[in-house]
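Going in written order, the chains are labelled A, B, C, D and E, and every chain counts its residues from 1.
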Amino acid sequence: MLEISNLDHTYGSGPGAHHALGGIDLRVTQGELVCIVGPSGCGKSTLLRSIAGLLKPTGGTITLNGTPVDRTPDDLAVVFQDYSRSLFPWMSVGDNVALPLRRKGMDRGQRRAAAEEALEQVGLAGASGKYPWQLSGGMQQRVSIARALAYRPSLLLMDEPFGSVDAQTREDLEDLTLRVRNHHNMTILLITHDIDESVYVGDRVVVLAKAPATVVGDLRVDLPGPRDQITTRENPAFVHLRAEVGRLVRGMRSHPAAAS
Amino acid sequence: MLEISNLDHTYGSGPGAHHALGGIDLRVTQGELVCIVGPSGCGKSTLLRSIAGLLKPTGGTITLNGTPVDRTPDDLAVVFQDYSRSLFPWMSVGDNVALPLRRKGMDRGQRRAAAEEALEQVGLAGASGKYPWQLSGGMQQRVSIARALAYRPSLLLMDEPFGSVDAQTREDLEDLTLRVRNHHNMTILLITHDIDESVYVGDRVVVLAKAPATVVGDLRVDLPGPRDQITTRENPAFVHLRAEVGRLVRGMRSHPAAAS
Amino acid sequence: MTAAAMRFLRVAGRLWLVPVVLVAWEVATRTAEDIFFPPPTVIASRMHELWFSGPAQHLWLTEGALENIPTSLGRIFSGWLLAGVIGIALGIMLGRSERFSQFVDPIIQFGRAIPPPALLPLFLALFAIGTQMQVATIVFGIIWPILLNASDGARHVDRLHLETASAFGFSRGQRLMRVILPSAMPKIFAGLRLSLSLALILMVISELVGSTNGIGFQLLDAQRSYDYPGVWGSIVLLGVLGYVLNTAFLAAERRILSWHRTANQTT
Amino acid sequence: MTGRSPLSSRLLCGAAGVAGLFCVMELAGRSGLIDPIVFPLASTVVSRAAALAADGEFLADVASTLGAWAAGLLIAVLVAVPTGFLLGTLPRVEAALRPVLEFLRPIPSVALIPLALLLFSDRFDMKVAVIVYAAWWPVLINTMYGLKDVDPLAKETLRSFGFGRMAVLWRVSLPSTAPFIATGVRLAAAIALILAISAELLAGGASGIGTFIIEAGGSPDALEYIIAATIWAGIIGVVSNSLFTLAERRLFHWHLARTGGTR
Amino acid sequence: GSDTPTETTAANAGGLEKTELTVGALPIPDAASLYIANKRGFFKEEGLTVTIETVQGGAQAQQSLMGGSLDATQTNYVSTFLAVSAGNKLKIISDMYQATPNSFNLMVPKGSDIKTPADLKGKKVAVNSKKNIGTLAVTSVLKAHGLAETDVEFLEFPFPEMAGKLQQGVVDAAWMTEPHLTAVQKNIGATKLADTMTGPTADFPIAGVVVTEDFASKNPKTVAAFQRAIAKAQEIAAADRKAVEEILPTYTKIDAATAAVITLGTFPTSLDETRLQRVADLMLEQGYLKSAISAKTILPGASG
């Protein structure tokens, strides 16, 4: 579905230039949930923005369902890392969630209902009349998740979507994401810093190395589904994978094949 | 040093009002590092803002070193949850970090050196000439940590300061915080969603319950110092405490005494 | 392609509309044959005669040009600078102090709506006739965009920026110079740019009364002598001056607000 | 926030400010600092202005000026905002038009009135044209600067959901620029009033505040009349500005809440 | 609007090309006959509906003529000749106002050192508009006292502000007309230095009504009707000062008491070519005109 080959990006030019992506190759099939982990500042968000067509990479190609991405592809949703700035302060929370649904040709009532439902799923029932700036950080983050999920995109890009919520809510949101993915056969790319999370939630975990970013590991997560917060995390395969990813992120190579 | 009694805050008035804090009592002594955990949207940031004098609570009192807080106290630093908006886009990263140091009576060269040092400590050596919007999310968060640490305040308030960085960096920053605290005898209040972190880093963990926030648990962390990422986390006392905090956050009381 | 050729093409790309407009104007006026609307070539030759037919050692400027253009420019600049300083200072005070603004706001809104020519008698009473009075008129006429935009910019600083400033115990001066001023800067610049061209307009108005030199005076003189090419020449001169000033202003703005431009760039 | 109504305190403080200015002017006149022959006493002028309020003819003048003012301002805003968006979003168009626009901007509208007289056979049209010419600049410039201030992430958010240029313009750029455009409109409102009066002053006509001032010019008490009429212009300015501010507060409460508006 | 259909019919019977006229007038005594004619129905009798609009000055009014928002306007003759010499095609259709002694004086502040116009050398003189009747008249006085136009500095101020300027010493003398002349004597005790309407400017023609040449040639009957109405009003104004005093407060802010004491000019009852020629000649002599203009060319009937 999504094919990225030799993706390269340099910010700026001249002496202040920053080579952020250094030839990334990645292939994601329909319905897959790929987690991307890597050190802070390595280029994960840059990669995501390129896929979303929000940034024109300086090299390489991205194709989505066979067509090259040169503008924002259709049927895509993004949960931005800087979620608070991506909500519109002049709209109520409900309107923020409902707005993209216009593109789906829903009428007013349907949009409203879908928004309410999505907000309820992320634990914000009753907040739809408030404004984003009346919510706490974690609540804002959940609004932006609700907005993306309500949209039911075929490709969903999430940039550290669960970073500002408490452990309990985080688990609930992870499970919600898995549920929605299964129901609607979405393809999801999820950036996270939580290694446990990446293994728990992902079908694959891609590890990026730093400056310029390259893929240093690409691990298939073969855990029995449906996943469950308690049993899955106790599974020895989970514990093993998590240690493996941890080592990769810390720069120790687990076995030669994983190195790029 | 810091005494909070019966703190109460309601946002807005009339039918849209939100009762965020419902009588919080808390006492922090000089040099203590208190972690605050609680579900998303429970009122942690509200509490922090009240202590920083940025928000006038609707009830209760806060005293710092004997004087009531009605405006921002001296010698205080804050790492805001919304770190990216708290950096000034018109200044370079180095200037952002160096600016508050003027208050400390440092001259230009000293300020510059202190900023460079703080940036290096958070792993951003060489970034001081860049602008905040040229950095990744996690890097911006580290700039705001560097700014706070370089300032060497006697009271440091941190609102989910390590949420956007990778696991490795997170551990480094935790240790850095502990080191700086020990060197300069700072008092620190740290809000986090990571229960492990709260136990690892804190002298005490305070658990807040939701809507309106009240203190439902206040656990002393009696772990041998100096702490260490590997040995401390393997300590049975650590494992026990972390389970305890987890239960409290999830709303199950561990034992009657912990309830407020 | 050489850098010089590139630069030339860039400038040409920016200015292509100018000759188009000029030709259209020439054709339209030549066909209309109205004495009130002389063709640009006639205007140009009148401008040449008025200002640019002087001796070589004066850079071909005539005495009329040397007398009138620098005086007027002097008035514009001193008026604009003064208005900038007063407008920014007062605007920020208004934006940051609710109290102060409550007391002064009606007076300001009142002053804003008063046609500057109507206040000429007051300025004539308060200031010495001549440049002082004219500068006062210019300041009064152009200060409003700066004042309003500055107070708006200062009032609407991102709350978290202010909170950061208080959390770190910024002094009043730092808060002002490092937080409020930079974040209000884009708006202040919009105000400054507006008032720069307003300054030209007000310069003309202020030279309409009790004045003996300046571009505005020449315009008036041409008007009452029924010298239509002269009138148009003065108007064109004002336009050209305005264009030059604005270009210089934009160049300065680009340097000062560079963070702003790149920070808000969309990819 | 204090307990008492912010509106009444606003009115009280404003009144105090105005009273203060009045006293200063009156004292300056009485002490001889400003010769009353040169600039009449504040009390004389104010009583003259008060008398005008009961003068039916003057009220008709005011109504006539306000008509042209409202029409001119409305047209100016309707033309300037779309143009500002066009120029703000299409840099190439802006680059091509800039020399022409920047050439036109400093041309005094007052100098254009004689030309407008030649072009328009209807006085009202002439007034409106001159007002539009002068009043659209602040709206245009503020719109363009406001557009530069739009958070790029907000725009990207909508784009990522597949919305087109127009939708982004309409749903993100417009609302987030709106408060700044509103400031431009407030600036333009005052300029429009000034131009309405100036146009009447230069061109004459059957009625209008400017015409009133011309008529007063033949009187020995001309200065008093002129300044009294000017006071009414100022009052119109204060009232219209308060209305605009009120509307802004209602429309852009989100803007105030997010920025340090209440501090 | 034409409110009474009967009159429109009457007008059409008279063959008028245009029955509704908009006429510009300045709020000064010069325009009295226009208002008298309107008030007493002289225009109506001729089948004309005249709307009088206030204008600020001759130049703008002429532009309104060209633009079409005015059909005719009051203007002073100096402006008219200047405009004609610049190529404007104008016709004077009625004479309205003529100077009398002491109607336009040079004033100096109380206790001024300037005793005769000869003392004005190097001094500042306020006029309402440069290159117009004020400078023309003052210059002719200067010439009579052996000075030239360049020996003084002329500054422009509106009439109402001149008192203040004299008082402040911004100007040393001011050329003024009624009602300001009376007011300045009363308010600041200013004194008369010279009457500027003597010698070459004695009984000088001041103001009349102009239309565009185009208008005059297209609407000869309307113009004639207008002239007849104005002539009737001029006769009343010339003969009966009370009539003028009565009409003044209706279109200016001059009150009845002031109207009773000010010095008025005279209201000529016919349009006389030779009188107008004096203006053109004096302007030529003082360099206001580059070449001679025959007054005849700007009277209706002659093609200019």
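The rule is short, and it goes like this: contacts are C-beta pairs under 8 Å (C-beta built on N, C-alpha and C of every residue); 3 or more make two chains touch, one makes a residue touch a chain.
Quick caveat, the model's predicted, so the values are computed rather than measured.
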Please report the minimal path length, in steps, between subunit B and subunit D on the chain touch graph.
2
Interface with more contacting C-beta pairs, comparing D-E to C-E:
D-E
Indicate the whole-number Å distance between the mean C-alpha point of subunit A and the mean C-alpha point of subunit C.
50
Could you state the distance in Å from the CA-based centre of subunit C to that of subunit D?
18
Chain centres from averaged Cα atoms put subunit B and subunit E apart, in whole Å, by 84
What are the residues of subunit E that contact at least two other chains?
59, 63, 66, 158, 161, 164-165, 168
Two or more other chains are touched by the subunit B residues 82, 85
Pull out every residue in subunit C that's touching 2 or more other chains.
36, 121, 124-125, 158, 223, 260, 267
Please give the residue numbers of subunit B that touch subunit A in the complex, ascending.
11-12, 16, 18, 37-41, 43-46, 81-82, 84-85, 123, 129-130, 134-139, 142, 159-160, 163-170, 193-195, 246, 249-250
Complex interface listing, subunit C residues touching subunit E
35-36, 120-121, 124-125, 129, 208-212, 221, 223-228
Quick one: in the complex, what on subunit A touches subunit D?
49, 52, 54, 72-78, 80, 82, 85-90, 99-100, 103, 131, 133-134, 151, 157
Touching subunit D in the complex: which residues of subunit C?
13-18, 21, 36, 99, 102-107, 109-119, 121-122, 124-126, 144-145, 148-149, 152, 155-159, 162, 186-187, 189-190, 193-194, 196-198, 200-201, 204-205, 216, 219, 223, 231, 234-235, 238-243, 245-247, 260-261, 264-267
Can you list the subunit E residues touching subunit C in their complex?
59, 63, 66, 79, 82-83, 85-88, 129-132, 153, 155-158, 161, 164-165, 168, 170
